[in-house]
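Take a look at the following structure, please.
Chain IDs A, B, C and D follow the sequence of writing; residue 1 opens each chain.
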């Protein structure tokens, strides 16, 4: 671009509309935070709906909740927290001026942990739900043992699939971002002066983690699990 | 503004704390804490299991936000932006609930039946 | 000739303009009160609009630019002025709020002795049932000078029951009961509108409200093909649907007896206290298992889809008639 | 390409064609469709929203023609229902919401704060593409038979009962929401991080404060409408029962979620207009704004309080009196900052040097109409009168006074004010003043009778109506035809001026503000050198300014 030529002295990654790297980094970081606020409101709208329907149909939501596999939920929580840690370490590696191989390693680890999460989610949990006829719209079967709560259990599963699905979609978008970052890190683009893309993507990845931190108790835990015969 | 570099030790500490909290919250789900009975309308029965689970989730969130996301070391502006998000979410949820949960309450029957008639005549007295 | 045509045209127009009504008929006990508030608000609107318009106009003329290089003096800040035009409007809105809220509070409390009429909105008509039995469509007959409480719901989408002359309006919402009340003060015929957009023939979902003298109303109620009362229809349904096999009056059935239940506070199995009102009875019929009583097994089947909203109202009328026998004899 | 700017000699006008500016810096379709220049993106938006405005306006004209006769003069009721729905959807989501922010805001925010561009130019371009995709879905819905739910999409009618193209329309609205979010995000970051040296918050033009407040609403409100519309679409496609009472859903919840965004959205439409007002009033009275801090903070107050009042749309839905009281008192509260602004603008005129240029006429029209629109809002915040007026033509009149009398007047005023900056050309001032007058008269004739109609009890969205309402409806329709012509006049002379208008200098109005210190049209980089700001906004008393 012609306008880039005006500031030939600036480091790579610098965009012409800014005065200096610091202003650019500040703007990138603030931009991501503002975006995360919109994400809070986006997921928040869904959470608000969930809260209201849970209050309306408590027995159905508790029944549904107890049908989820808490082991997968807990393991996945740990996996996702682990991926947050590796993400933070990847940024740290760039900040502290470590070798690019270390940055790449942590980024790849982050992606692997994210993949484990999605693998457990899709290949085990969702498939089991499908086999047990718990996916609304796909031969959902209301079981007699749910009794009174039965008719509204599908609504719980609607929320379950929306919320975890939307979360998974965010993770998949995260993969796209992480792969780009890995390539950039491999090319040695990041150093202790310039690591804003890493930092900003890290914020996003941690946010996705936080969403799960709330989804886990809301969906898996607060359904009166203690009252279940034959605990998982 | 040169960004604050958090020590790897801190990251590892937070990670372990988060894992412990995950274990705690999972375990707590299998213990019956019972209900808290309050006399307050709208909040007559508070299931303590829900309170515990959400409280732990909030602590975990704070750890992630403050340390992994560096908000502890960030500018006031970032802190305000983060808080604004949660404040407006709280407005959405609380005002919606304020209507949804009081819908059945008519002026001649309802939990606030005793409180409001004492307030309104006072206001009315202004005229 | 053209001039003549224009003249008649203008005169017609003037006549038409003069014939424009500016105030709807006020035919209920609350209409005057609402109108007074409306006039007050109109006065405030006119006052401030006139104030702003005339001030601007005055400034525009007085301080118009006289030469291209005119240089007015710098603006001075004026804290007292700022505070006064923040505080004075605030006080005015407080006055309006208190006035309108107390009016609303009074208007939303139906008198004890109200006659109840039940309304079901359905694309695109109003089904109206009187407890005494008569049913009508898009017509509502009510006595003058007697409080009437309308309880309504909808069979499909959200409708809105609106009688402009009475200054009352309320949404009819599927799955919920809402209510409004009025006391007509003038014998006459008034518009009944649907004020919430409800589909293709929304604009045709209109009807008439006939306010009649008590004697005419009594004659209307008893006239024509004499129907059974809502409670009687409800009782018939109660037997037809088999409710009677479990809900036995002497409490020996598999379900609770419904005698004397209406208006009582019932404790549910989860400890909640619930008032047995129209909404709760409807809930019990439509989603029975959402309200389980401590001493009864949750075996009642749902009747959702088997009976329509009007029939639900008839069943409710029957249950009410079981519970309020003594009050009814006292009251009427 | 060279970015050298030919130095301007004092007192000598250089023809726009001979100087490199953002319009002639590069040519060809690609140079526009792939541009990241905020000024060009503003023009892309200007073109798209003007198209949408006339599409929406066309539906409005058809509606008013139809209502000349009580039994309906033109179309079947089903078609009428589609007309008002498509008018509402297009005007609200595709014209009013992006109107000032995406055109004037995009053009002016970087220039007013002395920046070369917005913080994220590529996101800015993306936001325009998202808008266009959303608009395409909605226009597809229009062509494929239309949609008849009303712009409010109330459930369960929209989710279960309507047989029209609800999903494409909803998808269009959903997608367009993200363009608003990106615009808001860009503005917030730009205003926070990219102000020129010396340009402190309290030296900012009030237009920037208004844009900032608007962006807050974009960011906090739009995601909620997005998820709501998303759920509506899912409900419609899969019948999962979230909003359908027949399967246990709660139709009222949709209204909560909808108005959580859509009430603040009203302020998305009017706040930018208020910002434009502060610029016009000061310039054409050559005065510093009266009570800068009050006007600035009232924008923020409006943005925040606007999120607390949505329940006043639901007073007659069976809301308890307790919730009603809370929403009512907060609704009154939001009226105060608006009143403060009107008083301050009026006071700014005092002892000024007032000229009657066309933008000023629009501005004065705005103040008058907005005052009426705002005050009639009190009728609807007040519980007892709202019961009678809710759902009638009174509502229609009220929000058109705000959105058309307010937002569109301000938009036109702003377009006329900055037109010479945007194009480098002047339009014929006489025609512009004439158009302002026609619009003012036409507007009042259209919408004033509707206040009366509403009080008389005529419900809105009626394809046919009782005969006694005819005279007022005919008056309103007559006004609408005048209004329609009024909107066509500026379209014609503004387009004419692009080619034939006299060359405008860098600052034809003698206005203050950084945007007037660069040539018209501005160069791609806006400023040859980032300016250093040493004075407050609207320092008209300082003859000549501190910087020549």
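What we mean here is this: a residue touches a chain if its C-beta (ideal position, glycine included) is under 8 Å from a C-beta of that chain, and two chains touch if they have at least 3 such contacts.
This one's a predicted model, so the numbers in the text were calculated from it and none came from an experiment.
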Centroid-based (C-alpha) most distant chain relative to subunit A: C
Contact-richer chain pair (by C-beta pairs counted) among A-B and B-D: A-B
Inter-centroid spacing, subunit B versus subunit A (mean Cα positions, whole Å): 21
Centroid distance [mean C-alpha coordinates] between subunit D and subunit A, Å: 35
Interface hub residues of subunit C, defined as touching at least two other chains: 99, 101, 105, 108, 176, 287
Where subunit A touches two or more other chains, by residue: 26, 30, 34, 37, 40-41, 44-45, 48, 52, 57, 151
Subunit B residues counted as touching two or more neighbouring chains: 77, 84-85, 88, 92, 96, 100, 103-104, 106-107, 116
Subunit A-touching residues of subunit B, taken from the complex the two chains share: 1, 3, 5-6, 8, 11-12, 14-15, 18-19, 22-23, 25-26, 28-32, 47, 49-50, 53-54, 56-57, 60-61, 64-65, 67-69, 74, 77-78, 81-82, 84-86, 88-89, 92-93, 96-97, 100-101
Subunit D - residues contacting subunit B, complex: 192, 220, 224, 250, 252-253, 256-257, 260, 307-308, 310-311, 314, 318-323, 326-327
Interfacial residue positions of subunit A with respect to subunit B in the complex: 22, 25-26, 29-30, 33-34, 36-37, 40-41, 44-45, 47-48, 51-52, 55, 70, 73-74, 77-78, 81-82, 84-85, 87-89, 92, 95-96, 199, 202-203, 206-207, 209-210, 213-214, 216-217, 220-222, 224-227, 231
Complex contact set, residues of subunit C against subunit A: 287-290, 292, 298, 302
For the subunit D and subunit A complex, residues of the former touching the latter: 1-3, 110, 115-121, 181, 184-186, 188-190, 192-194, 219-224, 226-228, 231, 234, 238, 240-242, 248, 250, 253, 257, 260, 524-525, 530
